[in-house]
Amino acid sequence: MSDYNAIELMICVAARLLEDGSTVGVGTGAPCAAAMLAQRTNAPNLLITFEAGGIAPQLPSMPISVGDSRTFYRGLMATSMSDILETCQRGLVDYTFLGGAQIDAYGNINSTVIGDYHKPKVRFPGSGGANDFASFCWHTLVITQHDIRRFVKKLDFLTTPGYLNGPGAREKAGLPENSGPLKIITDLAVMGFDETTKRMRVESLHSGVTFEKVQENTEFELLKSPEITDTEPPQDEELRILREEVDPFRYVIGR
Amino acid sequence: MSDYNAIELMICVAARLLEDGSTVGVGTGAPCAAAMLAQRTNAPNLLITFEAGGIAPQLPSMPISVGDSRTFYRGLMATSMSDILETCQRGLVDYTFLGGAQIDAYGNINSTVIGDYHKPKVRFPGSGGANDFASFCWHTLVITQHDIRRFVKKLDFLTTPGYLNGPGAREKAGLPENSGPLKIITDLAVMGFDETTKRMRVESLHSGVTFEKVQENTEFELLKSPEITDTEPPQDEELRILREEVDPFRYVIGR
Amino acid sequence: MTELFSGTGPLFMNPDPDDARSFFKKKEKALVNKVMPVKEAVSKFVKDGDYLGSGGFGSNRIATAALHEILRQKKRNLGLAGHTTTHDFQILTAGNMDGEKLLSRVDVAYIVGLEARGLSPHARRVMQSGEIEICEWTNYAIACRFRAAASGIPFIPARNMLGTDTFFQSAAKEILCPFTDRKLVALPALYPDVSLIHVHESDVYGNCRINGITVADGDLARASKRVIITTEKIISNDDIRSKPWATIIPSYCVDAVCEVPYGSYPGNMPGEYFSDEAHLVEWLRAENDVEKFRQFLDKYIYDVPDFEHYLELCGGVEKIKELRAQELLLPRKE
Amino acid sequence: MTELFSGTGPLFMNPDPDDARSFFKKKEKALVNKVMPVKEAVSKFVKDGDYLGSGGFGSNRIATAALHEILRQKKRNLGLAGHTTTHDFQILTAGNMDGEKLLSRVDVAYIVGLEARGLSPHARRVMQSGEIEICEWTNYAIACRFRAAASGIPFIPARNMLGTDTFFQSAAKEILCPFTDRKLVALPALYPDVSLIHVHESDVYGNCRINGITVADGDLARASKRVIITTEKIISNDDIRSKPWATIIPSYCVDAVCEVPYGSYPGNMPGEYFSDEAHLVEWLRAENDVEKFRQFLDKYIYDVPDFEHYLELCGGVEKIKELRAQELLLPRKE
């Protein structure tokens, strides 16, 4: 059972970051799987919310949309998008999970366009609720594939704020104090942010991955945590719960 | 049956002012009676709302409070105070009815204090929703007793805006355009507002009342409408409905 | 250039959203059983000096048991959001006697009156004595202030209060709209320390339903740092989960859940029982004379251990059956 | 001095509340029967050049019948509030083909994607062509813009968008809080000309209930100058009046009530039927090839008279029974 794929690894790592008794605003896919896994392992009292209005559902299966009926199935409340995002703006939501087409050294994310904004090579969906969640929640977590076209020096478009251009920049811009990106979880490593520069730094490496390999797949210069550890691999029990209870049809973790 | 008291007269006159198909934000007492009478006579499609959240109830009796359960008994909606007052602020509510301790020539109202604000001789409740209704609804109607201590040159406190200090003053203050007091209905007369000066003018006199008598009971100088008419007295059918259907226990109209 | 004015009234509470965020960050969000007696809830969550919010609408769906308990526990120097407070205001100002100050500051929209029932002599004496610091607002203004706090923003713009003494005696400010250049009033966020809200149904975690107008309680519960719920009855969490769109207040806003059947008495509880007008008149009349009022308060509040005994003194279940018949418009027995 | 910036994107709609007030003043408020076929509602209330709001959440509780009818009636130069629009956006952009422009301007929060299902090839082609004027926002920003309009104020302040290109390409403005001196974003009111909202239940006057998340539809209905409701079923006004606190949209906001059972198909309708993922995949695949897509649209939309025939083509009541079993988590027959 100790065989696992990259997405399973990322989900297990993400789940462990969620503190018991905390709150999280999630989307569909891996973030939702991570939250569901956390509820069954280290964070039984994790409160899950969805931006379209669902609060604390007893998820019968993976939602397809952050607004489908699963997201409030036997929930505590089915409310409005404003109520959810204002609960975040008010400071009650600890974590959010995001993805994106590009991410930079400060954890800023692009999910709007590749190329020039007015003549885009590729048009992506845009912020949706990502900018809102990353502005309001205390900690932003990112789960993403690690490649050099994604981890870029300069975003084509800054959709969603990380630490903007460094220390104090979020506060100066008017964003809530002491919020920002916490961890970036990829198929190669787990990265955090240097406290002084607010730049991304490698904190743990997945089995068989070197710092050099991570740097090769990153356009900007990565910092190193004072102590780079080995990422703890998924445990058998985590994998069992993930495969049997969280995602039995393997929608997210694949075949 | 053509015997009637002053409050019955005021209610009948007020009811006739409410156009069919319009909306009104009312309080308890005479305003509510007027709205109920209007629904049974000239304005069957009048939509009544109460500031605490009640919309279009089938009032089984006179409410005691603008927030009691009668105010949304078999209503179309039981909502929040914000929803009601934002419906007014958005421009959907045509009329509101107010009273007050003092009123001036511009239809401004005091319901806060008599005497100095910080050392009041008498403390009254304050605005409640009166300032909100009078700011947001298109037309303010006032039903009140007519005496010289009430119709004053200078308010001790301007709680609720009429035309403030004259033409254009509401707009300059930032209040919604083209809103303001419409009619003041007292036990002596019906007054409107001069279009040029926005000062109060007598438009019709109740049976047996002279302009001079109204002026004697008013501290500020009253203007005269180009044509002062006789107030049409309550008709038998109006009185019958008022007494038998609207207020059978004579809570409002008295004994 | 348009000149912009500021109200001259005191701003009792800090409208800063980052301050409030630090508090809300630490608030309990897990589903823990919060059921406790009113006595414990008030002693635990209402501190001297706190600023209170009172749910419902003055004499309708009010948390009478919690209000009485605040009197009984002799809390001091409280602030209050007086947004159509009527009988609730009467109860609290009863703590301002003999030089004692239960209330020390009030944001006023509607106080000292009981709507169609007239004015409260005692509340007027208190308010006219100058012993309470006040700031003037309107019902909608206070609703907006709760809404701003609930939203996590420092103010909401509106178009009321402008041009009046109500504005001048408030702590609001005029601003210019950056899009339309229109003058607006900015209403600062109001985060009460603790609010007291009576509801129809709550589970043990504080997920609440209200079967009627919500007045401002959805926003009030979200705006408040701590929330004490009194509920006509506790229902199962399964019941809450069977219809999550009926939940008005979510559990993560709530600190205490107290089961108090008939808990809005002598106020009206929509669909359950009408207000006891006779008792409200008795209260108003007692206020005419200070000594008589003191005796009245001893009899009904200070000398009884809790709300249940107060209700018993007022006629108990028989009285409630009467008020229930009135509420439901049942034909009167001849 | 803090420098304050303005977004550089186009402001498509006038946020002025006095303008909107003049319109709302004349709106019908009486209880008149507004039941009509979708065809009539769209022809009467959607004009070329109008700015649309789409209720629900992209593929959940959407007014499919009204969206198809807009395609069929070949409306042109519409604007759209693209606040998590997914399948609804796919339907509308299908009108941007062969040089025709059903959509000409879009306020963007989330477009061209179908969440976990991937991106829409056709919507991307349209958006990448530059033929549609756009302005960038976020989901909450657009929700706030509806809220401001619903409240009758020209803007609402918030703390999102700040510091980003999303702000730079928006029509928002930075302001300073008059109380805390903090930088905020001012989000201008958005009054759509017409919105299309699918609900669980409505009476003939347009008093509506939604049994699930409301997304932004409470505010959207209030913000919109005209509202077309499609409803799973029409219920009696007596039913509405039996539980007025369940009403989410009041009749005075509504212009047309169209009874369309299964009207959110192929989207999800909470408690009723799940989304038809197979049909959504078929739609996405058809978009890969322009000619194939044209045929697909002819087959499913242009060559059928109405939504009922579309549903029939997609499997009719048998299909709905399947999706209903999925929605209700019924055990699958082996």
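Order of writing sets the labels: A, B, C and D. Residues in every chain begin at 1.
Everything below uses one rule, namely that a contact is a pair of C-beta atoms (placed from the backbone, for glycine too) under 8 Å apart; a residue touches a chain by one contact, two chains touch by 3 or more.
As the structure is a prediction and not an experimental result, all values here were calculated from the model.
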Q.
Spelling it out: a chain qualifies if it touches subunit B and also touches subunit D; which chains qualify?
A. C
Q | Pair joined by more contacting C-beta pairs (A-C or A-D) | A | A-D
Q: Go ahead and note the Å separation of the Cα centroids belonging to subunit A and subunit B.
A: 57
Q | Cα-centroid distance, subunit A relative to subunit C, in whole angstrom | A | 40
Q. Just how far, in Å, is the C-alpha centre of subunit C from the one of subunit B?
A. 28
(Q) Among all residues of subunit A, which ones touch two or more of the remaining chains? (A) 54, 72, 78-79, 82, 89, 136, 176
Q: Indicate the residues of subunit C shared as contacts by at least two other chains.
A: 17-18, 151-153, 158-159, 182, 184, 212-214, 245
Q) Line, ring, star, complete or other: which one describes how these chains touch? A) other
Q) Touching pairs of chains, which are they? A) A-C, A-D, B-C, B-D, C-D
Q) Where on subunit A does subunit D make contact in their complex? A) 27-29, 51-54, 60, 64-69, 71-72, 78-82, 85, 89, 108, 112, 117-132, 135-136, 155, 157-161, 164, 169-170, 172-176, 251
Q: Would you pull the subunit A residues touching subunit C in the complex into a rising list?
A: 20-23, 45, 47, 54-55, 58, 72, 74-79, 82, 86-92, 94, 136, 138, 176-177
Q. Which bits of subunit C are touching subunit B when the two form their complex?
A. 56-60, 82, 84, 86, 108-113, 115-117, 119, 124, 127-128, 130, 136-141, 143-144, 147, 158-166, 169, 174, 182-185, 212-216, 218-219, 268-271, 274-275, 277, 327, 329
**Q.** Residues of subunit D touching subunit C in the complex
**A.** 11, 15-18, 151-159, 173, 175, 177-180, 182, 184, 186, 188, 210-214, 243, 245-246
Q | Residue ranges of subunit C in contact with subunit A within the complex | A | 17-18, 20-25, 27-31, 149-153, 205, 207, 222, 240-242, 244-245, 247, 250-252
